[in-house]
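These notes open a run of structures that come right after.
One chain, chain A, appears in both complexes that follow, with chain B as partner in the first and chain C in the second.
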Partner chain A sequence: MTAAARLPRPGASGASGFSSHSGTSGPRVVAGTFRAEVLKLLTLPALYLTAAITWAVAPLLAVASVSAAAGEGNGPGPGTDPGLAPVGYAQAGFVVLGVLAAASEYRGGQIRTTLTCVPRRVEVQLAKAAALAVTALPVAVATAGSGVLAARAALAAHAPPYGAAGPVDAPGEVRAVAGAAAYLVLTALLSSAVATLTRGTIPAVTVLLGHHFVVGPYLAGRTALTAYLPGTAGLWPGGGTGAGEVLGAGGRWAVVTGWTVAALGVAIVSFRRRDA
Partner chain B sequence: MRALRAELLKLSGIPSAWVAVVVGLVVPFAVAALNAGARSAGRAAGGSDPTGVDAGFQELAFGVIGVVVLGVAAASSEYFAEGGDSAGGRQITASLTAVPSRVRFLAAKAGALVLAAAALAVLSTAATLTVSRVVPGEFAAPLTSADAPRVLGVVAYWVLTALLAHGLTLLTRGGVVPLVVLILNTSVVSVTYLLTRVTPLANYLPDLAGARMFVRTFRSSVEIPPLAGGVVMAAWTLALFGVAAAVFLRRDA
Partner chain C sequence: MITIDQVSKRRGSKQILTEVGFEARPGRVTGFLGPNGAGKSSTLRILLGLDRPDGGVALVAGRPFARLRRPLTTVGAVLDGGGAHRSRTGRGHLRWIAASNGLPRARVDEVLDLVGLTEAAGRRVGGYSLGMGRRLALAAALLGDPPVLVLDEPVNGLDPEGIRRLRVLLRDRAAAGGTVLLSSHLIGELAETVDDVVVIDRGRVVALGTLAEVTGAHRGLEDAFFALTSGTGPGTGHGGRP
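Let's turn to the complex of A and B:
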């Protein structure tokens, strides 16, 4: 088939899927755009590198931090929870993943090409978010799975209450991995929303990592307010304050999801209104 | 001299540099204010105050992410441009056309960064130490002339960290890797701190050794006097920046 044969005939409205005047339905545009966005993500070498480094390094750091927390004789807590400790460092990788996915549009003006192909701004952003979620999910499951296993093995080397006291409880492990993976995907989405707002990698990475790794953990021991902030503190009872439970499990997930949805919403609204 | 002025002007035109200034000023100040409030409440209730001598200084130790971003942005902005209006330009080619001597270019760049980082450090130190002494009122451990070397230590720590970040970014040319490494390592449980549990030699890594210049209470078995800590950090910085400079002089722009 020649290239000319694939071009839509004049008047064949909607055949190309990207004509904005011919009454093409929204879902079809989103489906085509989604495929294109997945293809774009899969051809970014930086994303493969980020995923590989995250997957390789996060379990190592999880083992080190879990051993350090157990060695200090802290009671069982966020630092020694095998379901959550691996998320701590791994989320940096997913921040980078989300930021690079969104900010890559703003190098060399690629965003203008994207919007020329699909002149529907909301659909483009929805397709981008879906594409990122779908590509980040396998990386998140692999990272969370190996991290949970590594942390569990490291804790088993210590005396109870850390070592496995009883038989391994399989549904509990699956829940831990699923929770950690879901959190990592949400982190990538939140990060892409922030990068869409900043249109640059450095401000977005600074704000997100500064919050997740410096300000958030530092505040966690001092104010229960951190239970309502994005970041891993939201996953722990009491926002990691150790002062009892501020929010129930449902409430904690509502906070984490709520921040992501709100950030995506703000990003879409601003993307719609700003010059590209 | 004109190259230095030009580099200062360029630095002030990078949006990320202003993000760095805001982070460097607001983060240590806000956390110090919050801590000071919690501390004075604890003291009034009769609790002990083990970190009183480090009040403010502890917060400045991780407020250093401000100059990390400054050092990274100053180098990475030469290699890629982002944003709505960017057409993917590499500013480094224009910079080296204007200042063809790479040694002079690098000296001007480092000089501008040192000036900016030192100014940011002085402002942030003044604000953070003031709030950490004013909020607790009568409970505050007063600052004496004996603390002057510690204040100098903070400024030295910030300037050296900025140069470390700058050197690292000159090597990678991208801003993401140095930012992730250095910000993760500023977190409460830093990677270098985890390493000290594997080997006591990790106490001589630049961030841990340099922090001895102004932080007095350390959970560590290794004693390093403040001046020695500063020398160790300066040696690391010199070595890394030396490697970065050598690579920069030899590599295609």
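Let's turn to the complex of A and C:
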């Protein structure tokens, strides 16, 4: 007997009977929580717009960075992939993505609807993080991948020594794209944690972009401590220079992952305690 | 069945609820009355596990709300503010709610029809009128066909036809054995709908009982209400505090 069979017919305002207080099994209940969070993200127009802009701008920046490097006669330096140069900028898109995903709960009092559907607050936040990771991953792969492809095309258009004279290092590029995509997903998760704490879009975006693009770069030349900040350490964990002089690739991954996990942890503790 | 027992709540230095206690029973519509700011919404938010009380317990069907595995099949709630993101469609809003409790997707169209929102289901919530927003919230509350309904100021923003339909719906739910608790500061709208009355003022329950008991020797529920609360009574215009 299904629940639907006992629900009142459309048009009949009364109830012939009520749902049972079914004690369904844990995994199915949690799966419902996760599905709801994915559905929420997939029905927010602002997220599509942000993803589309982020993805569209990445190849343009990749081409621009190749041209700039070739024009200056520097060429792409060792250890840097010009296709991944735009990842630094693409992270702005993933900051907005993560912030919008989390802060949207606080528009129209939706958070109260969420908690009257699923009162288990830790479960709600874990489902949110999982849903964001799952939906942000394809966008991150597309963004990093299209950057690399565009850069390769642009390199081919330039004469050697800056052109694509050597054999294409396919496994290396796949690794680089995977690393950049993972970094972008972590950026979205960290940003969603900050927005869960601020409960608003503007303060979270201000803090995060201010850190990633103003404070971080400003401090970068002045103190070695910036190696341990999420944005600058993350530029970019897959390879590259800058903060990487202090930390190895593994260390940089640990820093970025650590910040993300810590921020999510603080957000969950706060969310669990406060009144909704 | 709803049980509120000795619930107290402070916010900052202000005591907003003091040992609030009452029951809402199956088969009856219970009206939770009080002036604005008396503590109605605060009580309902504690009942629904949104806010944490400093003391006391609030139970639905004998359990704290947070212990319900699939709450929508036990309690439907309509809270002030609608609870929907404005850039999602009405149907999109109901679909994630249904998914969260493992309810069949077909149920979304049923409740849309039930509240008369089928035509507007594909439109964004931001374009809804106040009344449509309230009806969407009611649709969400009915998704799981719960035996308990909790409604905070449900008639706000509804047109006369909407109020009539809501009244019929609530009476029918109670007649089928459901528990209905609704708060309101509009006493007139309530008098014809409720069986039991709880009056709250400045965070304390000042009267409770059947409609007849609470009305008592007064001419009507409205007179009783103003006599019981700090409202200044009809004639002064606003019913506000002195």
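Basically, the second predicted complex is superposed on the first by the 200 of 276 C-alpha atoms of A that agree within 3 Å, B and C clash if a C-alpha of one lies under 4 Å from a C-alpha of the other, contacts with A are read in each partner's own complex, and residues count from 1 in each chain.
Just so we're on the same page, a residue touches a chain if its C-beta (ideal position, glycine included) is under 8 Å from a C-beta of that chain, and two chains touch if they have at least 3 such contacts.
Worth saying up front: this structure is predicted, and the values here are computed from it rather than measured.
Put chain B and chain C next to each other and count what each touches on chain A; the higher total goes to C. Of the two partner chains placed by the overlay, only chain B lies in contact with A:218; chain C stays clear of it.
In the superposition on chain A, A:119 makes contact with chain C only, not with chain B.
Contacts of A:156 after superposition: neither chain B nor chain C is touched. Once the two complexes are laid over each other on the shared chain, residue contacts for A:107 go to chain B and to chain C alike. When the two structures are aligned on the shared chain, A:249 is found in touch with neither chain B nor chain C.
Judged by the touch definition given at the top, the superposed model places A:174 against neither chain B nor chain C. With both structures placed on the common chain, the touch criterion links A:207 to chain B but leaves chain C unconnected. After overlaying the two complexes on the shared chain, residue contacts for A:269 are found with neither chain B nor chain C.
Residues 46, 107-109, 275-276 of chain A lie at the contact with chain B in one complex and at the contact with chain C in the other. Residues of chain C touching chain A in their complex: 45, 48-52, 61, 65-75, 77, 79-89, 92, 95-97, 99-104, 106-107, 109-110, 113-114, 125, 140, 144-147, 165, 168-169, 172-173, 175-178.
Looking at the complex, you find that chain B touches chain A at residues 15-16, 19-20, 23, 27, 31, 34-35, 38, 62, 65, 69, 72-73, 76, 80-84, 86-88, 175-176, 179-180, 183-184, 186-189, 191, 193-194, 197-198. For chain A in complex with chain C, the residues that touch the partner chain are 2-4, 6-11, 13-24, 28-29, 31-33, 35-37, 39-40, 43-46, 104, 107-110, 112-120, 275-276.
Contacts from chain A toward chain B in the complex involve residues 46, 61, 64-65, 67-68, 71, 79, 89, 92, 96, 99-100, 103, 106-109, 111, 199-203, 205-207, 209-210, 213-215, 217-219, 222-223, 274-276.
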